[in-house]
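Next come two complexes built around chain A: one with chain B, the other with chain C.
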Partner chain A sequence: MSTATHSLPRTIGAHAVLLTYTAIALFPVILVIMNSFKSRAGIFGAPLTPPTPKTFDLIGYTTVIGQGDFIHYFQNSLVVTVASLFFVLLFGAMAGFALSEYRFRGNTMMGLYLALGIMIPIRLGTVAILQLMVASGLVNTLTALILVYTAQGLPLAIFILSEFMKQVSDDLKNAGRIDGLSEYTIFFRLVLPLVRPSMATVAVFTMIPIWNDLWFPLILAPSEETKTVTLGAQLFLGQFVTNWNAILAALSLAILPVLILYVIFSRQLIRGITSGAVK
Partner chain B sequence: MGSLNIENVKKAFGPVEVLKGIDLEVNDGEFVVFVGPSGCGKSTLLRVIAGLEDSTSGRVVIDGQDVSVTPPAKRGIAMVFQTYALYPHLTVKNNMGLGLKQAGTPAAEIDRRIGIASSMLSLEPYLERRPAELSGGQRQRVAIGRAVVREPKLFLFDEPLSNLDAALRVNTRLEIAQLHRRLKATMIYVTHDQVEAMTLADKIVVLNAGRIEQIGGPMELYNSPANEFVAGFIGSPKMNFIDGAKLGETAKTVGVRPEHLTVDTTSGAWKGTVVHAEHLGADTNLYLDCEKAGLLTVRIFGVYNAEPGSTLYATPDPAKTYRFGADGRVIK
Partner chain C sequence: MAAETRPKRPIRWHIAVFLAPAVLVYTAIMILPLAGTLQLSLFRNIEQSQVFVGLANFRTLFGDPNWSAGFWNALRNNVWFFIIHMLVQNPIGVLLAALLSSPRLRFAAFYRTAIFVPTILSFVIVGFAWKLILSPLWGVAPHLLDLVGLKSLFTPWLGKEEYALTALSLISVWQFVGIPMMLIYAALLSIPDEVIEAAECDGITGMAQFWKIKLPLILPSIGIISILTFVGNFNAFDLIYTAQGALAGPNYSTDILGTFLYRAFFGFQLQIGDPNMGAAIATMMFLIILGGVCVYLFLIQTRLRRYQF
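Presenting the complex of A and B:
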């Protein structure tokens, strides 16, 4: 059917491009999940075929659950990710609100300064960070990771959120002020719900690098108690022998929590309660 | 119980001076309209009165009390915004009651006041709804209701009708006028629409570029504008301004309202050609290109048939012709 806004060749073309992209993006993920259910021989014999009754094997998962304290690693990863996410969103939103709402001397400079971190990778400062953590006795604690990830996530969060906060109607905030709401109430009850979709965007952007990070857990918290999932999976990577079953199983399991968090946030992206508040 | 005094209020945003010294007195129970072109500072002035902006200098006195440094919630004011600004997460009832709740008013008293306000604005069927479930007109009524329940000394309206469509605008205008009559409260209303200003106001304050050009009743401004700006701003279509030198007058500019010009096909003061005619039914607007006076707008009551290109003579009513000096002020 051809209408004014849709034409069949164009629809097919657009879908072809999108499907190709989806296939490319999903291919490694599917490969990991598929092979995690295969025996060692199956993985190396035919890495691209799905598990058959002959090659199906849960050895990877039993190794992961049996060896190492994977439940604990998961817990660590989750604590670090959720706590960092919480602080990034809280402080990012507060700073964004201050930058967009209040006129003060050096407002623009402050905004630029806070956004500078987007351009400079935090890893450049690893040595200084490590020295700092050693000095403050935070090495091998989850607190160290949470602090670093909060710092890492803040610049982008502030940059995005302050832009969105500028769009929240001034009238609404002023109505709150006339009704005697405190600035905190205005921020938490009026402004935050209205920028929820952008908060979800920031959450997704912040969460994935934190969950996947190997660098800082390896440097700041490599002890058994504080290992994260990505670091724990390294356990099976030997210099001479690598337990591919276990690595693939660990990685497949590591996908799950981020996926769940993503689903939660993406629902927020779609939902909009803002309609009707202001014209 | 609701007088307002503004003494030499100035407001600057960085180097930009938005208000250049405003003095104004509003008596209890008056309906005052601030009117002016966009960027004239009328909204800023309202915000300074509300306490949403700090003035750079000067005093705001509400009811005999200097409130220059009092937070908005403690000034005894209520404000209705152009964009309604209802709390999206609260029901109509809670939207109206929030201010009182914050001030620690007992629940029974809040309910009583919401009852009165909602019956006054016929909002009773909607009390449990959220703003998203209301139409634009209903939302603005809720916003007005939210102001009414606070029983403020001063009502502030910031272009409350701008977001409504033409029919609703007329209805809501009527409602605001009735509300003022019933409550006998002091109201300050900001608009750029001179029809709203003329129909609602007891007193109009015409602002331009951060200064008050003139203060007066609607008819006073219409009949005796103090200067060229007010003369051009009040009245629609706009007053015709003619270069005095062309007419052999000593005044810099001569002004005649379109409705104070008469036309004739055979003789008159200014000979001109009809450029365009607008037929509105109740009246007809003619645009005449005159040899002496330039382009003139003439408003004729009723239907008048004039073909573009035909020749007409326009004659001003000498009693209603204004003369302005070089400084723009009217010459008496």
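Presenting the complex of A and C:
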């Protein structure tokens, strides 16, 4: 490879730029988490230093846990995300399999029809979605959110999964057919386990926008019972504008679960992006 | 393939079974409501019933000064929002990806992971965290500027009409720079070594190699990133709503189409919500996004040469 071109100054320069940008990317996150463990005096007196025994204080966290119904919101978010993810992956894989495995009339048209949703955001249909949910009595239910997010995630999932399913060897599937397996068994027993890595990629891509969405919870399910953690945090932050301890603690509580999940799955996510499925 | 033998079978029900759930949910929750929204924009609620009014809602939107001023303001802001993303986010993304992809760079995985962190955070967190940092109350931003001797430059950016939109665009850039970085990084990694080696044999190295060899090869990825940015920007809502509220203050200076649609549809404070006007604005957004996608598909993508290795 190009060893000769890589001189020391250039390497140092590259590291300097990357380190600077890494600092810019992480600074706000670290700042918020760091200050959430401080007393009010510590937050304002020395915002840039880590908590010392003198400034260490958990008052923010006790306020948040005492006031907001965060555990409940958290459950709602979890239910919505997991259920939508399950349906997106199951339905997406099934449709992707049908599109990549069988030749039938209208296959290309069906593929294009399902790919429309990649470019056109579902948000533009909100007016009619709300009417639909009102008419079917689903407003302020988690079902409404699950349905919307399933529809939102499907186009990209189908697109990526059918690309991957094309790579599954035909010999394997035909061997299964000769052994008398039904098409359903071939799909569930042979193909699905083989595309598991790409399913994980799709899962991460689908999950982040669902967990972080504010628009649909705000419009379809704003009631106390069905608030998601994103909406809950938004309203909580609005109410406690002057209580900096509580705000910083709430922000940290909202950051941490996502951050932990990300650190666990980042390898999967980055491999998924760089594997070329979304080039 | 067994495909040749299959058409003899009468109806292959399993294909329908495999497709049905996805097609049903997608059609019912996405396509029909989209069509329904477009249709609603041609109706108006008169005495508790929907009456077909043709293009009257659009005439109101563009003709009534109350509406048209808001719409053009939101559109102008949205265009500026998009321009900042294209000028700042994508070049930074390309630069970071080019540095990351240099061979035998240490800690590349760490940089990659760290720079992508803001992208996974929700708008609520991002909006609020930056609001706190830029707040003159807390003093983090002036303090930092003071360290480099630029304290005099500080003003409460989010509170000033002339800076607020740019500040928010840059916050959004901060959040999403990871996406162009990753996609370009992937494209750079897929350039085969032979091409690079051939370039080096011809004496093209360093910056010249990037501009003359690598950049033309990653242009298709830059095209995709541009259209993703376009769709994302003209559909944005959450960040503005979180940081500045539905009124997109100060004095509507950060109002973009998403917040404009929200206020028209739901109403806010003195304004009464009007689903039909909301639908008309959504239709305009649909046309803008569709226009962008068409420009990309028919003008840009067909002209970009794709290299097959």
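Quick note on the criterion: the second predicted complex is superposed on the first by the 214 of 279 C-alpha atoms of A that agree within 3 Å, B and C clash if a C-alpha of one lies under 4 Å from a C-alpha of the other, contacts with A are read in each partner's own complex, and residues count from 1 in each chain.
Quick note on the criterion: a residue touches a chain if its C-beta (ideal position, glycine included) is under 8 Å from a C-beta of that chain, and two chains touch if they have at least 3 such contacts.
Keep in mind the model is a prediction, meaning the values are calculated, not measured.
Asks: Look at A:L190 in the shared chain and tell me whether it touches chain B only, chain C only, both, or neither; answer first, second, both or neither.
Replies: A:L190 sits against chain B, while chain C stays out of touch.
Asks: Using the touch definition from the top, say if A:P50 reaches chain B (first), chain C (second), both or neither.
Replies: Neither partner.
Asks: Considering only touches as defined above, state whether A:L259 meets chain B (first), chain C (second), both or neither.
Replies: A:L259: touches chain C, not chain B.
Asks: Of the two partners chain B and chain C, which one touches more residues belonging to chain A?
Replies: Residues of chain A touched, chain B against chain C: more for C.
Asks: Let me test your reading of the model: by the given contact rule, A:N174 touches which partner, first (chain B), second (chain C), both or neither?
Replies: both
Asks: Does the superposition put A:V127 against chain B (first), chain C (second), both, or neither?
Replies: Only chain C; A:V127 stays clear of chain B.
Asks: For chain A, which residues belong to both interfaces, chain B and chain C?
Replies: 174, 177, 273-276, 278-279
Asks: Touching residues of chain B toward chain A in the complex: what are they?
Replies: 47, 50-52, 71-74, 77-79, 81-89, 98-99, 102-103, 130-134, 136, 139, 146, 158, 163
Asks: What part of chain A is in contact with chain C in the complex they form?
Replies: Answer in residue numbers: 1-6, 10-11, 14-15, 17-19, 21-22, 24-26, 28-29, 31-32, 43-44, 47-48, 87, 90-92, 94-95, 97-99, 102-104, 110, 114, 116-117, 119-132, 147-148, 150-152, 154-155, 158, 170, 174, 177, 182-184, 187, 208, 211-215, 219, 230, 233-234, 237, 244, 247-248, 251, 254-255, 258-259, 262-263, 266, 269-270, 273-276, 278-279.
Asks: Which of the residues in chain A end up touching chain B in this complex?
Replies: For this pair, the touching residues of chain A are 169, 171-172, 174-181, 189-190, 193-194, 273-279.
Asks: Applying the document's contact rule, which stretches of chain C touch chain A when the two form their complex?
Replies: 1-3, 6, 12, 14-15, 17-19, 21-23, 25-26, 28-37, 40, 92, 95-96, 99-100, 102-107, 109-126, 128-130, 132-133, 138-140, 143-144, 174, 177-178, 182-183, 185-187, 189-190, 193, 196-197, 200, 205-206, 209, 220-221, 224, 227, 231, 235, 237-238, 241-242, 258, 261, 265-266, 275, 278-279, 282, 285-286, 289-290, 293
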